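Consider the two complexes below, in which chain A is the common component and chain B and chain C are the respective partners.
The block that comes next holds the complex of A and B.
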């Protein structure tokens, strides 16, 4: 198994942007399919399984089915292939749905691959290398740190509501109790942000121009060459799309 | 004193630590709320047709609310946290990066001109958020999802109409409630 996590975040970001931008400019189903297969192959090589994409695959299928329904109902591109009462299905709609589905797969899965393989502190260091003041760059690890905290806060609000006789166990109950949960969550967020800002101030956040990290990032020659190769590949694909 | 407070509110930038950390924490609340409302919309008939009415209203509310509380760059930070985290639940995250940024900048612009005490101020703030934001998302729907142009335009018009009304009411009520609580100065 190749440990991608130790690679420089700039290389991973370049790879992610290459996939996203290529999928956005592509109008070709084969190219999108090749990009998707590339992501899946790299995932199998690095992780030896695709289970990290299990949840997102369900969401993508839901989004894809929505695109298909809209295109089947309202799309009027190409030749009619099937007709029943007022409903007529055109072949162009099917192609557009498939193209849209492949594109959202590439865009979403590549971003998720980047998010899984890149540590939040590495992203902060990458931003610092780009001369972004560390007060702002450090917000990335802070986001990663506070995400589970706020999710737990939401669950504790739901538990409090349940204890007061408003059940909050099923999805439908969560939906029904959303208005009653959001304002307390906002108030708790305000309180937590007050406490957290005081804590970081007491630890000297923003006192000095620079900040030390336990582990630093550095671009190795192999990673630099890879970045150049990816950029050249993107330019060639763009030129092919424009002139062929 | 009231005038001083009003003048203070008219500043666009607020770069203290509390605002930055607060924007991050509120950005996470923004993500949680959008994720839940997205699930609600997915269960409803209009959500199955790709029209996220409740989710859109929630998005417009949080975009304006966080910007009013934490100003800039807090507003952009929270908005971009939501846009980049939305990769976990929406394929339109690329469009959200631009839509959220434009929405929060518009609210900052309105908040710098008005003291946000009247309904008309919130209506104006939400007009920009809903119209500009939804227009950018429409471009995303057409170019990313390959949805037919006429369908995307009709969906956007309905979304703008619903989001504008709902988000204005919620923003005004929530903003007044938070100011009254004294948790935000």
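The block that comes next holds the complex of A and C.
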């Protein structure tokens, strides 16, 4: 297994941006499909599994089906391929739906791949290298820390709601009983953020202009070459799309 | 010798409050003192620590008449981010105070802010890790830590600052007796050997009294007494709780809960509890005790149906628990959680208490009567329109209890309901549970506090390493002292 986590975050960000921007400028389903396959292949090479994309794949399929339904109902592009009563389906709508779906897939999955493979403190380091004050850069790892905390809080609130006769077992029950979970979650979030901000100040955060992060990031030669290669690849694809 | 902390406060008043939250406090604390702070609900213990750190008024806006001096400097003149030079402050709820994803980074967070060299940071973090014996989980995620581990990590991140004063707000509130005892030993060692001035808000365990030199007793926002430990013990400390005779109407014919070889294994193969055989009779007040992570909470969640047994079976009120009847069975159970804030979601006390009545067909008059009865029971009558978040934690726990008992459950399950409460608050909650048991309700209590179990329950069940190992009548506790000591529960 290749340990992508140790790679420079700027290389991983360049790769992610390449995929996102190419998907945005692409008007070709084949290119989008190639991009999607590239992400999946790199994932298999680095992680030997696609398990990390399981949840998002389900969500993307739901979103994709919505895009398809809306396009089929209201799209009027291309030739009619099927008709029943007032409903007519055009082939252009099908293509547009698939293109839209593939784009969403490439953008979402590449962003998730970047988020999974990049440590939040590395992102903070990257922002510091771009001369963003560390007080703001540190917001990234702090957010990364509180996301799972809030998920745990939400689960414990759901458990206590269930015990009080507000069931939270199925997705529908979660949605229906959201108001009962949201209020305590907001109180908890406010309390946690309050305590956390006092705690960081009392440990000297923001006292000096700089801070010793212990671990710093540095671009190795092969990473620099990779970034250049990715940029050149993007320019080539863009030129091909523009002139071919 | 000049005191290291000198408090001369006439009043500390929060905006829109008529009463001063702290008043007439004159207190001098010398370097190397070990002070325990105690007092009743909302007596101002935590606020006193906030005033010393200058978090009140700098973080919590309020007006202060008087001065607080630390190391001969007026704290008003010291920016909050410079207080780390003087004070290491650990608040309640350690999970809220950690901001790094990984334990090692959290330990080094404060020293990294001081801009020390990487070698110095590594040396300080390494020293504290071995001092607190937390090397084993140095690279674990902070959100995956148990309460006890989180408490050690937060303490560690403060100790790395090497501040001359330590302020700790109920540092052992979530710890089992063994870990709590270890923590106070560490603090005492630091106090004696490093001359670190230590101020600890006392939790109900009173373990800190073994090490404290003096005790500050607070009442209504002022210092009522400032005594040495012996004087405090003579004046305030109740004699060791003796087993009190409890008359409960236990019906040995009716099984309320029956666990038959019930086990639960979490995802990833983590064992929750193993092969539990346990029967709870109608009218019983049973206490389940055990170390952190011994499987007590998992067992409760199995009973409540929040988790399913991976092996064995469960019967509630004489029926096997199935997906179909779990909702109906749950309505007969009231579950009181460790953290009251998890189950409070309305904007007034009245609304909160009456939440479950919304689904019932009672008339408005009947509903109001029930609400008033419950409010009187929990001692919050007259506060119907108050926002729950304005109550103290003990009062919020009572409110949660009120919102549970209004549906008149036959079985009340309480998962460490006194965790994070001081002695007076926890006594209030426990008295109410006992009263309910005496009214014929069945109560199943999970607690770390052996004296609560001994004093209030009529039966004690001990869990150790995910298994139920002892089950005896509370009267016979003395016969099991050796076993309890072996399991580090005494």
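General observations
Simple rule for what comes next: the second predicted complex is superposed on the first by the 240 of 244 C-alpha atoms of A that agree within 3 Å, B and C clash if a C-alpha of one lies under 4 Å from a C-alpha of the other, contacts with A are read in each partner's own complex, and residues count from 1 in each chain.
FYI, a residue touches a chain if its C-beta (ideal position, glycine included) is under 8 Å from a C-beta of that chain, and two chains touch if they have at least 3 such contacts.
Just so you know, these numbers come straight off a predicted model, no measurement behind them.
Shared-chain residue A:220: touches no atom of chain B or chain C. Legend: residue contacts after superposition of the two complexes on their common chain; A:183 is shown touching both chain B and chain C.
Shared-chain residue A:157: touches chain C; no touch with chain B. When the two structures are aligned on the shared chain, A:192 is found in touch with chain B and with chain C. When the two complexes are overlaid on their common chain A, residue A:212 makes contact with chain C while staying clear of chain B. Contact with chain B, but none with chain C, is seen for A:60 once the two complexes are overlaid on the shared chain. By the document's definition of touching, of the two partners only chain B reaches A:76; chain C does not.
Contacts of A:5 after superposition: neither chain B nor chain C is touched. By the touch criterion defined above, A:141 reaches chain C but does not reach chain B. Contacts of chain A with chain B, set against its contacts with chain C after fitting on chain A, overlap at residues 142, 146, 182-183, 187, 191-192, 196-197, 200-201, 205-206. Contact residues on chain B toward chain A in their complex (touch as defined above): 16-18, 20-29, 31-33, 36-37, 39-40, 42-43, 48-50, 73, 77, 81, 87-91, 93-94, 143-148, 150-151, 174, 177-178, 181, 183-184.
Looking at the complex, you find that chain C touches chain A at residues 53, 55, 59, 79-85, 87, 89, 91, 93, 95-101, 105, 108-110, 112-118, 121-122, 141-143, 157-158, 161, 301, 304, 306, 327, 330-331, 333-335, 337, 339, 341-347, 355-356, 359, 389, 403-404, 407. By the touch criterion given at the top, residues 20, 24, 56, 59-60, 62-63, 66-67, 69-71, 74-77, 96-97, 99-100, 103-104, 107-108, 111-112, 115, 135-136, 139, 142-143, 146-147, 150-151, 154, 171, 174-175, 178, 182-183, 185-187, 189-194, 196-197, 200-201, 205-206 of chain A touch chain B in their complex.
Listed in rising order, the residues of chain A touching chain C in the complex are 120-121, 141-142, 144-146, 148-149, 152-153, 156-157, 159-165, 167, 180-184, 187-188, 191-192, 195-208, 210-214.
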